[in-house]
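Note that chain A is present in both complexes that follow, paired respectively with chain B and with chain C.
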Partner chain A sequence: MLKKIRKSKGFLFILPSLIGFSILYIIPFILGLRYSVSRSGFDNTFVAFKNYNDVFKSNAFNLALKNTALFMGIAIPLIIIISFILALIIYEINAPKFIKLFIILPMAIPSGTVAGFFRKVFGTGGFNLINTEYAMIVVVLIFIWRNTGYNLIIYLAGLSQLRKEIIEASMIDGANYFQRLWHIIIPLITPTTVFVGIVTIINSFKVFKDIFILQGNYPNPKIYMLQHYMNNKFRDLQYEKLTSAAYVFAAVIFVFAFLLFYFDRKHARKVGES
Partner chain B sequence: MKRVIAIILCLTLVLSLIGCTSTENSSSTKNKEITILMYGSPYEEFGAAFNTYKEKFERENGIKVKFDAIDTENKMRSKLYLKDGPTLIYIGPWEFYGNFVKTGIALKVDDKLKNYAKIYDSIKDENGYFVPIGMAHYPVLLNRRVFEKLGIEEPGLDWTREDYFRIREKWLDEEPQNFTPFLFKELIGNVMEELEIYDLENNRINIDKSKMIEYIKKLKDELHSGRYILNDNYTFENYYKMFFEIRSEEYKKVREMVSYNETNSIRRQFYAKNALNSLGNSLEMDVREHIILPQVIDKFNELVLWGFVVNKNGKNIDLGLEFLNGLLSDEVQLELFKKKRDYPVNKDIEDEIEKIEKDNNVNEKSIALRKYVLSKIKSGDYKSLNSYNDKYLIIDSELTRNIIKFVFADKDYTDEEMVKEIEKFENKLNMWLNE
Partner chain C sequence: MKKILLVLIFIISLLYVFPIIYTFTNSFMTESQINAENIQIIPDEFNLQQYYSIVTNKAEYFKFFMNSVKLTVIIIVGQIVIGIFAAFAFAKMEFPGRDLIFVIYILAVLLPFQVTLVPNYLVLDKIHRVLNIKILDTHIAIILPGIFSSFGVFLLRQFVRGIPNDIIEAARIDGAGYGKILFKVVLPVIKPAVFSLVILTFIDNWNLIEQAIIFIDTPSKLPLSVFLENIYYGDYKVFYAGAVLYIVPALLIFIKGEDYLKEGLTVGGMK
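Then we have the complex of A and B:
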């Protein structure tokens, strides 16, 4: 018995956390499902997929979904590439610490200040982009400016873990820098990239806060995101629509996360084989 | 061990789920009481007739009728989430009940109340959820002195909005008047109809930009026509406060000015007597300066209803229905009239009302006004606030705010800037409508 307990003591340690996770995440998730198939938060009449149907029929939801997908499609790969390049430069030239500090600093700036600055630069009187059809560029810029530092730190940690002997062996074999980068560094850093990808997806939701401060509940339609839709539904206490939209959103995120893990596994197998 | 942990986790989940689910049979259900959920203080809202009936109902049924007065919509909603929530929801004179129906809170009651059939057909909720108890029509009070000074003939009961504006024009032409938000709001009272921005059928906002720009320019021209005395030191901020912030100095100043300057004004702005209650306004009719006529300026004052909806999840619903049925009875409805404020919604007591008028020597003009207004209500010419789409009112108020922003801006907007702002406004409303 004692042996058994010793063997599973790891589980006992994580039990409090698991209980907290279950209560705070799993129960709301289950209760939310009930809301999404009820007539309203006040009336439990079962309406099957009516709320989902309404949500998909809503022009605002479709617009929000399109904008969110566009934002994630552009901003996430872009920030991963930029932070990787910056991390690589810092790693290769062994840049002084204050450079890292400057890159990380935007994370610590309050959203209100960020919004004020970007309004000044890209609003009326500045480049005047926020109210045009190119408003998404401003949002992508805010996101990249704010989050590059965080990804950069993860990449730097990943790069410092690379086994030097492999790189040195390739140098002896006559590989130039770009060959080393393409055939050794990038494949070896892929697990870090997957992690950065997931963290970036999570951080990408936070851009809503900046847009909200910039333009309120109903911004320029070009930057109306799913979080706007859900936030407005929450404000109006339309929990049935809110939860339906949230599950659709969650499903999309699960698919993205699953794809990332799938590619990571596939890649790990490939690297292992070679 | 893994199994033990899995079992502990499952048990925790099940227990928490049970804990999160509210029980249907709480002890409060057993209490013989009904609760009325409402905004603000109940004692100011309800008249004496209501309170007398409430006390009688409590005595006869051995139950308690409690008020639950709350101050925010969120608090109200959280109360309605309860399984044994409030029994009745009070719908005040300028409140909407449409959302309670849409979200499934309201109970259909037309077939559950015996006295529901007594309500005037034209004011009945077509879906049978709302129970009106009292009604009002807030008339326009004109100043006879101004009519005499200008030598204008007094209009009759069948006057129109156009008649009022013809009189107002003459009054303003005669002598410049101090600018007030009330005078301005009269000008834009029909803005929704004039600009036709809301396509109700397709639930969309379509703003004809050039038409709106033209409308704003006309308003600015009117404002600077020399017929209004404007404060040269006022900026947009001052005007904004004057219109929207009732605690601001600007607002207080204007209200004071309107209240004390009634001898020269064409219209008394703050007149809140019910034109339907001839007992209550009989004495006013005899004041020499007063010309009291049906409302033609503010459409939302033509028919003002207050009443209740029944909460589907409320406790003691049967008692709540009995309470409402009693409120619609001839006896209580007649009492409403006698207390000189409200007018009954019960159509079966018209003869008794006439008798009361006769017994109390009510002014003939008051009776004529009541009969005229009542005929308009019966024919459906006057509509209550709830007949309008709740979105209509929000759009109306947003549009008004935007127009004020353009008209009183410190620096004039160029046409191009205005088009951009209008587009922004249009997009915002369309997103809201389509959410």
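Then we have the complex of A and C:
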């Protein structure tokens, strides 16, 4: 009896959160499924996978998918490598605190406030890239500029937790720095890298903020992303297309996340941690 | 070697602050210098006129500024109040379906806003029609999804999990109820987590864009994060001054709370 009361009490504590979360996230997510198999947002006729089919055939969606994949494929590995190298240097030479602060500051800067700078440097005043076919370079640079800080903080925390004995033992064995880096530091830091990967995926969607501020709803086609596609379908009231695209998008993200978790587990088993 | 690396990382760190410094220095420049072809970083003369004109002529600037303040503060407070109870329950109490529900919360953290956009819009529209409460095109449409975003629950729960069960059991034996344990035992311990949630939620909502461009139709209700754009196309000079005034609160909070960021960002890695 007592246990039962305790159990229902737990439910009571999450209830406020759960009600709001269900109404605003879970129920919409499930209801959306119905839209994605209906003729339109205003006509419930069941059309099975027609909308998914249409979406995959549409040029705009394919362009958006291609750009988003290209962006993630380039930007995510690049920022992980850059932030790891920067973290390693800061950690090894014990760099002054302000250097770390400088690198993490951009994450706090609203997109709209630095748009003037980016328009000038990558538009009229410097390297005129934003209106050319190389616009994606600008987006990748802005993404790296804004998000290195998150990864740097996580990597620095990971590096400071490495066990010193293992590294010292390898020094006694005569391993040079790069051997030590390759055979000891990088494998030991892998769980951190997996976590950095997840954070980076989440942050990669926020690059839309910067693109939208720079170029609005219909940007240079080279940087037209899935978020633009979905926003514009919303504006055109094509809910069935939007929800279909959203589920494709969500499925890809979940597969990505699952692979990362799987890799993490496998790695943990290999190095004997759990 | 160490010196070379130090110089190198110093130069790299300058690249990271350069856009911020540029925005600051441009806010003091004359219009002709801002419009110069090349990139100028040092003002020819120290000009405060645009700040003056924001204060005097652009009372509307502060209206948008206050929109941002209102949205950000309410979302932060709401997310913490609701999140603390849920986080405590997920970490330290038992109820049916707990782990499954928590997995759903985590998955929701991963999704971009656009994925639940339409259904979200329709739910808010339905609430309007059934209960006759206007939500779309009001700040509530942004505040509600912000407060109930699962990120806060996720982050706080990871911290609460780190508190040893013995402490909570001991308090129970002393006769404390769950509510008392939450406020007297758990809350003092997870203060750093609450601070880090404040900073992370602040960063996100001070740069609020996606929700505003979908849910808000009336321009005067936009947060400054979106409206700054219109100032840019209206008047460059005033834009830079307005941008600086908008950056300053973010910088202050960020520099003050920098140490808490580490806690907030690394906790997700805990099992």
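By our rule, the second predicted complex is superposed on the first by the 246 of 274 C-alpha atoms of A that agree within 3 Å, B and C clash if a C-alpha of one lies under 4 Å from a C-alpha of the other, contacts with A are read in each partner's own complex, and residues count from 1 in each chain.
Everything below uses one rule, namely that a contact is a pair of C-beta atoms (placed from the backbone, for glycine too) under 8 Å apart; a residue touches a chain by one contact, two chains touch by 3 or more.
Keep in mind it's a predicted model, so treat the numbers as computed, not measured.
Novice: Have a look at where A:S8 lands relative to chain B and chain C in the superposition and call it first, second, both or neither.
Specialist: Touch status of A:S8: both partners.
Novice: Name the chain, either chain B or chain C, that contacts more residues of chain A.
Specialist: Here the partner covering more residues of chain A is C.
Novice: Per the contact definition in the header, classify A:A60: touching chain B only (first), chain C only (second), both, or neither.
Specialist: first
Novice: Between chain B (first) and chain C (second), which, if any, makes contact with A:I26: first, second, both or neither?
Specialist: both
Novice: May I ask you to decide whether A:V199 touches chain B, chain C, both, or neither, giving the answer as first, second, both or neither?
Specialist: Second partner only, chain C.
Novice: Once the structures are superposed on A, label A:K120 by its partner contacts, choosing first (chain B), second (chain C), both or neither.
Specialist: Touch status of A:K120: second partner only.
Novice: Scan A:K164 for contacts with chain B and chain C and give back first, second, both or neither.
Specialist: Neither partner.
Novice: Which partner does A:Y218 reach: the first (chain B), the second (chain C), both, or neither?
Specialist: first
Novice: Let me test your reading of the model: by the given contact rule, A:A108 touches which partner, first (chain B), second (chain C), both or neither?
Specialist: After superposing on A, A:A108 lies in contact with chain C but is clear of chain B.
Novice: Name the contact category of A:L18: first (chain B only), second (chain C only), both, or neither.
Specialist: So A:L18 meets both chain B and chain C here.
Novice: I'd like to check the shared interface: which positions of chain A are touched by both chain B and chain C across the two complexes?
Specialist: 7-8, 11, 18, 23, 26-27, 31, 41
Novice: Considering only the defined contacts, which chain A positions touch chain B in the complex?
Specialist: Its residues touching chain B are 4-5, 7-8, 11-12, 15, 18-19, 22-23, 26-27, 30-31, 39-43, 45, 58-61, 63, 131, 218, 220-221, 224, 229, 232-233, 237-238.
Novice: How about chain B: which of its residues touch chain A in the complex?
Specialist: 1-2, 5, 8-9, 12-13, 16-17, 20, 74, 77, 80-81, 103-105, 312-313, 420, 424, 427-429, 431-432, 434-435
Novice: Over in the complex, which chain A residues touch chain C? Could you list them?
Specialist: Listed in rising order, the residues of chain A that touch chain C are 6-11, 13-14, 16-18, 20-21, 23-29, 31-32, 35, 41, 86, 89-90, 92-93, 95, 98-118, 120-121, 124-126, 145, 148, 150, 153-154, 156-158, 191-192, 195, 198-199, 201-202, 205, 208-209, 212-213, 226-227, 230-231, 234, 239, 242-243, 246-247, 249-250, 253-254, 257.
Novice: Under the stated contact criterion, what part of chain C meets chain A in this complex?
Specialist: Against chain A, the touching part of chain C is residues 2, 5-6, 8-10, 12-14, 16-17, 19-20, 22-23, 26, 36-39, 82-83, 85-86, 88-90, 93-96, 98, 101, 104-105, 107-123, 144-145, 147-148, 150, 153, 178, 203, 206-207, 209-210, 213-214, 224-229, 232, 236, 239-240, 243-244, 246-247, 250-251, 253-255, 258, 261-262, 265-266, 268-269.
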